[in-house]
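Two complexes are shown next, each including subunit A; its partner changes from subunit B in the first to subunit C in the second.
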Partner chain A sequence: MAEFTLRLRRYDPESGEAAYWDEHTIDLEPHRSVLEGILQARARFDGSIGIRCSCRAAICGSCGVRINGQPALACHTHLDQAMKGARDGVIEIEPMGNMPVLKDLIVDMDAVHWKKVRRVTPWLINKEPIPEREYIVPHEAMVDVTQSMACIQCGACVSDCLSMEVDPLFIGPAALAKAYRFVGDPRDAQHSERLNDLAQDPHGIYDCTHCFKCIEACPKGVAPMSQIMRLRRISGRDHGIVDANNGERHEIAFTNLVRDHGLLWEAELLPRSYGGDSWLAKFGPAAGRELLSSLPVIGKALLRGKVTPMGALKAHKLPDEDLQQVKRIYATVEGRDEAERYELNLYISGYDEDMEGAEGPPPDAAAAGAQGGDGGMAGAESGQPGQSPERSPSR
Partner chain B sequence: MPSHDVLIIGAGLAGQRAALAAADAGASVAILSKVHPVRSHSVAAAGGINAALKPQDTWESHAYDTVKGSDFLGDQDAIEIMCREAPDELLHLEHIGVTFHRNDAGELGTRAFGGASAARTYYVADITGQAILHVLYEQITKYHETVDSYEEWFTTSLVQDDEGTCVGCVARDIRTGEMELFNAKSVILASGGNGQTFKPTTNALICTGDGIAQAYAIGAPLMDMEMVQYHPTTLTENGFLITEGARGEGAHLLNSDGERFMEKYAPNKMELASRDVVSRAEQTEINEGRGIGPDGGGLYLDVTVVPRKRTLEALREIVNIGKDFAGTDITREPISIRPGQHYIMGGVKTDVHGQVPTVAGLYAAGEVACVSVHGGNRLGANSLLDTLIFGRRAGQHAAQRSRAMPMPTTPTSRLRQDLEHIDAIIARDRSGRRISEIKDELGTMMNRNVAVYRDADGLATAHETVRRLKEDATTAYIDDRGTVFNQDVLGAIELGYMLDTAQATVVAAIERKESRGAQFRTDFPERNDDEWLKHIDISRNGDDEPHVTHSPVTMTQWEPEERKY
Partner chain C sequence: MKVAYWPGCVSRGFTPELHGSMAKVAPLLDIELVELDRASCCGAGVIAEHNQELADTLNARTFALAQQVEGAELMMNICSTCQGAQTECQERLDASADYRAHVNETLGEHGLHYEKGLSNKNFLWLLVEEMGLDELRSRVKQPLTDLRVGPFYGCYIVRPTDRLGIDDLKPRDTYLAQVIEALGGTVIEYAGAYKCCGFPIITMNKEVSLKQAGRHLGDAVDQGADCLVTPCPLCHLNLDLQQPLAEKAVNRTLNMPVLHLPQLVGLALGLEPKELGLQQHIVKPTSVIDWSTSVVAGV
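Let's turn to the complex of A and B:
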């Protein structure tokens, strides 16, 4: 047993008072969860502490909070772990961000999170005809969308989404991950319509700034930002959707500039995003208009030295060896074929043990290794050779 | 006053399935739950759902396995219905978008599960319950014009008219504290089990037996309440669930001598014998000193024999649970487990349409109900099936029933009484015990006396304790005096529900003087078909003591036989 002090952000909407801090010292083994700590404080000292919770095992998604400023599930964070992030030896627990607080640690998820989920038409629109038996779909496709299905709708990613802070109308990481669950599902009939909708919406897939906050926040490895990036890729590359927000063209201009020069050439980014992927783009009417309207920003950037007149004319120079390495990365990524579409998935692919169970599943280490390059917790070590397959006990 | 043809209380799998079925049948529907629907405890079901869908499998084989698993206490007419309708239900789930695991041919693939003579468990990694629950909620969202969803509303009572017909409920909007009377032609209870009466339990904090107690309070009989399932693999540390899918994938159970002890108890099925058999074997090993850990209270579950790649894909959730909650990498070393409270086979007695026999207008489906398809012991991956089949049937039947009748008028007296009751709890002075203290004592005591092994003395102690705690609960005090999210006062009401259902369990366990399924009496160690091949029904009148009666088990094609795995 060890003592821990919890500092809880309290708010009583009926009191007419502002939110305040409330400290309790609890007594638990260090590997117990912050939720258990809060529940002990509630049981022993103050039954009015408000927090949603149910399963205690990171599956129901009720207890999303901020612990020492970071979004997390209270049940999924050990006390000793939380102590490491405590600034003054006290574990600080606040309600999640980007959503209105109702009481203490309880936020209004309906007003933000669920509203956004409803925005993405969150149900399967069946491909017709619906088969008599199951839809026959690739094993990998189901594993692939299962990563999005693993989302428990806890709101941790919404809490810390930087884009949403700036643009509260941004559809946001959780809802867009949900959208991928349909776009990636071969049984859905409206991939193109869904993607067009999400790409054309100024608060849609191109509103994400790629900050990785949601990936860090997610307790279930859903990696919402990765799902958003896949939506973009499928939208632009497979469906040829050119969006009114210029997101797709911006992305192409960005990646091509980096491919060609090894680093971003800032001055070329805007004209190429609007005028097309060429040095001549800046003379096109759309790029011209955009450049004109951006003059105040350009002026400021020049004044502050963020852009130099020289930099506008010439790209950054990278040592040739480094540039070649960047090009090799591009070649590898762009050379991947369709079958490796599932590259970002944390759920690695496996083999089915069938009913008769006559033959064992091939412990195919090579296949595992090929899919293991995602850096995720499961994939990172998936290249390990499988042990000889153990059959279920004889029946 | 909200009025609907069909009012559903509880929004887990049974409740949501009932809502969708009733809406499809043309009814106006309300679904009301004390938590947001996706927080319901169905979300925790890991391993899968059974259906005899493969061409070489038969529903009769599934039904026989279920009957045998139930130790012949399950009603065979209900079991036949469940197993016959399972394949279509599974395909329906697939069609609305559940991302079931596929084999290399792109067809639905299966895994092996306990007590089953074929691999007929369909699954989504080890988040099957979550995947199905979230997909059903997608459909509830789609049906928003015909299904009104009341999220975070806490039911305090079922309401009856003068004839005793159930015509609605009283509920509290947890956000505002406002109390409301809900009017309905039919009410379907789908509010889950009462696992929180045990400590530890795999069940969520919300599983406090609300619906069971509410039905019991208005005269509905409770059946098979003595049948409490202890799951063979819960974390020794804190009682969290390790899915049976682990053993389905081939994991072993080992004692302190490193012996695969199931050889002694179930030489054919080994680790995949039915849950009561495996839990009992484990408890015997522990009691006879072959347990592991500082107090010898655990055993090893060895998942390392499953190919690592397979574990990482198909058992990802328990890899995480091992890592996060026990500090063990289950792909590298065995993990310490023990039997732990997991499920109740018993509940509100219903027929195969979900109707409660003595209360017109009232239905129940899922863990809150007892049809009875699980009898003395539920097979793994049959619970999801139970919720969906009987949730759907209840929804359809209730919609049908409501077609021919006018909207009833609901008396308001119950609303006044519940308001007064809540005010009285809030106003209690601080002279009694804390709610949390009573709840702890109840759970610990039940887990000691009403567990895997039971006897007359332990059960008598249990009954005495429950009675005393019920007394304590009448003066227990709370801290929160507010109306917005007053979870404290809801906790006090839940404690009352838990105590009522715990008492029914204890009384039924005392009554059954034999060993069958999950009930093992060390003082009556044999199954006794001559005297006890029957259900125990518990009912009461108002606040009276529980009243015990018996009812016959429905047999169709399977005679009781010796049960061996």
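Let's turn to the complex of A and C:
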């Protein structure tokens, strides 16, 4: 047995008092969970501690909290593991973020999480005619959505979402991952309608800032941000949806500028994101409005010599031979039809066996083995140093 | 140390002072930069969002070019977003021999081949892991005494931790603070250090994007930071270039200078602020920091 001190965030809206910190020292084996620690504190010291839990085996998704500032399932975090992140030797436990607190560690999932999940029509809209018995779909067609299906609705990703922190209306990672579960399902009849809805919503798929917080937070490897990127890809590429939020235009302008110049040309990217993928975009009304609102910034940038008029008007470009290579790569890869596409998802495919080894090759040995003595760089970073063996690859 | 150097696009576009300051700092640290001037844009996650295999192939081409640089110990970048976007592609390429062969087939047309296991490190990682903080400390000529610096990591260089190789042995999410200390500065803790600057949605939801930047800058102001330092030029665009608009979005005066990592290192190594391009920033570092007493002569 070992002693651990837990610092719990307490709050009871009915008391009229402000939230406060409460410390209890509990006694448990280090491999027991933080949840067990909280339950012991409740049993021994204070029966009024509020925590929601059920299965205690990381499958019901009830006990999402923040441990030392990071979202996690309390039942899925060992005490010794939590101690590593404890700043002053005390394990700090708070309710999840981005949702109102009902009491102590219990947040109002209905007010935020479930409301957003309902927003994406989280059920199958059948293709007609409905078969007499079950739908038959090929195994390969469903395998990609299993990552979204692994979601246990714990809200850890919602808790940490940085877009939602500033824009509470953002549909958010959990609900959008759920949306992909149906957009990726061949039995669903309304892919295009779903995507159009989520692309046109100013708080939809293009409101994600790509911060990776949800990928890091998810205890089940769902990688909600990756699902949002899939939604964007399918929306623009396969359904040709041009949204009112400049999302698709930005993506196309970016991709095509790199095709045409090899490097990004920021001064040209901005007007095209607003006005469409053409050199003339900058003279259109949408780009004009944006230009006007950015004038103070543009003026200062020119004044300070940060941006020169020539630098803005002229693209930096790769040497011709290299640009031709880049264009050939575009032609080859963009030219593949749907059946030829190779879109690797490591959550589904896993890693090659040599990377899965419990210990992995020591980086130095791998480097020595792979280098041909020419001072090359092969091998130095193999072995995925951060890949913890008990965690499934999440992307 | 010889490195295959990938500066990225923005460091040669809207933040030229980043590429410029890196070129000034490198010789003082005995880093020989062999610029990958044939490599293409990393895609910043946007090309991958459009077509994953396209982004993977373009970056595999960059990696292959880096592996051709004779005598280079590794590939070095100065942009967190390049680091994150390239590491994501590299993770897929390194994870599957089948996929790697598929991508190499496209590269083969041009006589290029990517060999699994490239080491690609941001300047920040290189400082700590390759050079070492003791070595860095020994080269400091003008310690940043009394300078209160808030680290701004951004997203791409700290998440996801397993992909980026961040663990107990390599606590890469603490390196910025370690470097600030090694340069003699004081680390300021504030809420925004690991948050998103908002840049990726500046064209999609400008108000939210600017509010994100404004909020983090405001948190740093409240904690008494003199300036922020970031390894990401895209964060720099939202935090510095857009700061006048971010001030309006959060309705407060911020006036928070934001330095690129090589600039901060350069100041401590004794370079003049002007050589490091500090006068090109939108928020002039002089407005807050009295460089004449705390670091070096005024900008």
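Convention: the second predicted complex is superposed on the first by the 278 of 395 C-alpha atoms of A that agree within 3 Å, B and C clash if a C-alpha of one lies under 4 Å from a C-alpha of the other, contacts with A are read in each partner's own complex, and residues count from 1 in each chain.
Quick note on the criterion: contacts are C-beta pairs under 8 Å (C-beta built on N, C-alpha and C of every residue); 3 or more make two chains touch, one makes a residue touch a chain.
What you see is a predicted model; the values in this text were computed from it and never measured.
Asks: Once the shared chain is lined up, is A:M142 touching subunit B (first), subunit C (second), both, or neither of them?
Replies: Only subunit B is touched by A:M142; subunit C is not.
Asks: Considering only touches as defined above, state whether A:I252 meets subunit B (first), subunit C (second), both or neither.
Replies: second
Asks: Let me test your reading of the model: by the given contact rule, A:H24 touches which partner, first (subunit B), second (subunit C), both or neither?
Replies: Neither partner.
Asks: After superposition on the shared chain, which partner residues are touched by A:H113: those of subunit B (first), subunit C (second), both, or neither?
Replies: neither
Asks: Contact-wise, after the overlay, does A:A43 reach subunit B, subunit C, both or neither (first, second, both, neither)?
Replies: first
Asks: After lining up the shared chain so the two structures overlap, which partner does A:R194 touch, if you call subunit B first and subunit C second: first, second, both or neither?
Replies: In the superposed model, A:R194 contacts neither subunit B nor subunit C.
Asks: May I ask you to decide whether A:R10 touches subunit B, subunit C, both, or neither, giving the answer as first, second, both or neither?
Replies: neither
Asks: Contact-wise, after the overlay, does A:R66 reach subunit B, subunit C, both or neither (first, second, both, neither)?
Replies: In the superposition, A:R66 contacts neither subunit B nor subunit C.
Asks: Once the two structures are fitted together, what part of subunit A is touched by subunit B and by subunit C alike?
Replies: Common to the two interfaces on subunit A: residues 349-352, 355, 378, 381-382, 384, 386-388, 391, 393-395.
Asks: Considering the complex alone, what residue numbers of subunit A touch subunit B?
Replies: Touching subunit B from subunit A are residues 12-14, 31, 42-44, 46-48, 50, 52-62, 76, 78, 102-104, 106, 109-110, 117-118, 122-124, 126, 130, 133-139, 141-143, 145-146, 149-153, 181-182, 185, 187-188, 347-355, 357, 361, 363, 365, 368, 378, 381-382, 384, 386-395.
Asks: Sort out for me which residues of subunit C touch subunit A in the complex.
Replies: 2, 4, 9-10, 12-17, 37-41, 43-54, 56-58, 61, 66-67, 70-75, 84, 88, 91-92, 94-97, 99, 102, 106-107, 109-110, 115-120, 155-156, 159-170, 195-196, 198-201, 203-205, 208-209, 211-212, 215, 241-242, 244-245, 279-282
Asks: Where on subunit B does subunit A make contact in their complex?
Replies: 35-36, 38-41, 43-44, 54, 56-57, 91, 94-97, 99-112, 117-120, 124-125, 127, 130-131, 134-135, 138-139, 141-142, 151, 175, 204-206, 240-241, 248-250, 262, 268-272, 304-310, 312-314, 316-317, 319-321, 324-325, 327, 434-437, 478-488, 491
Asks: Inside the complex, what are the residues of subunit A that reach subunit C?
Replies: For this pair, the touching residues of subunit A are 84, 162-163, 165-167, 202-203, 206-213, 215-216, 229, 232-233, 236-237, 245-247, 250-252, 254-255, 258, 262-267, 270, 273-274, 293-294, 296-297, 300-301, 304-307, 311, 316, 318-319, 322, 325-326, 328-330, 332-334, 336, 341-344, 346, 349-352, 355, 366-367, 370, 374-382, 384-388, 391, 393-395.
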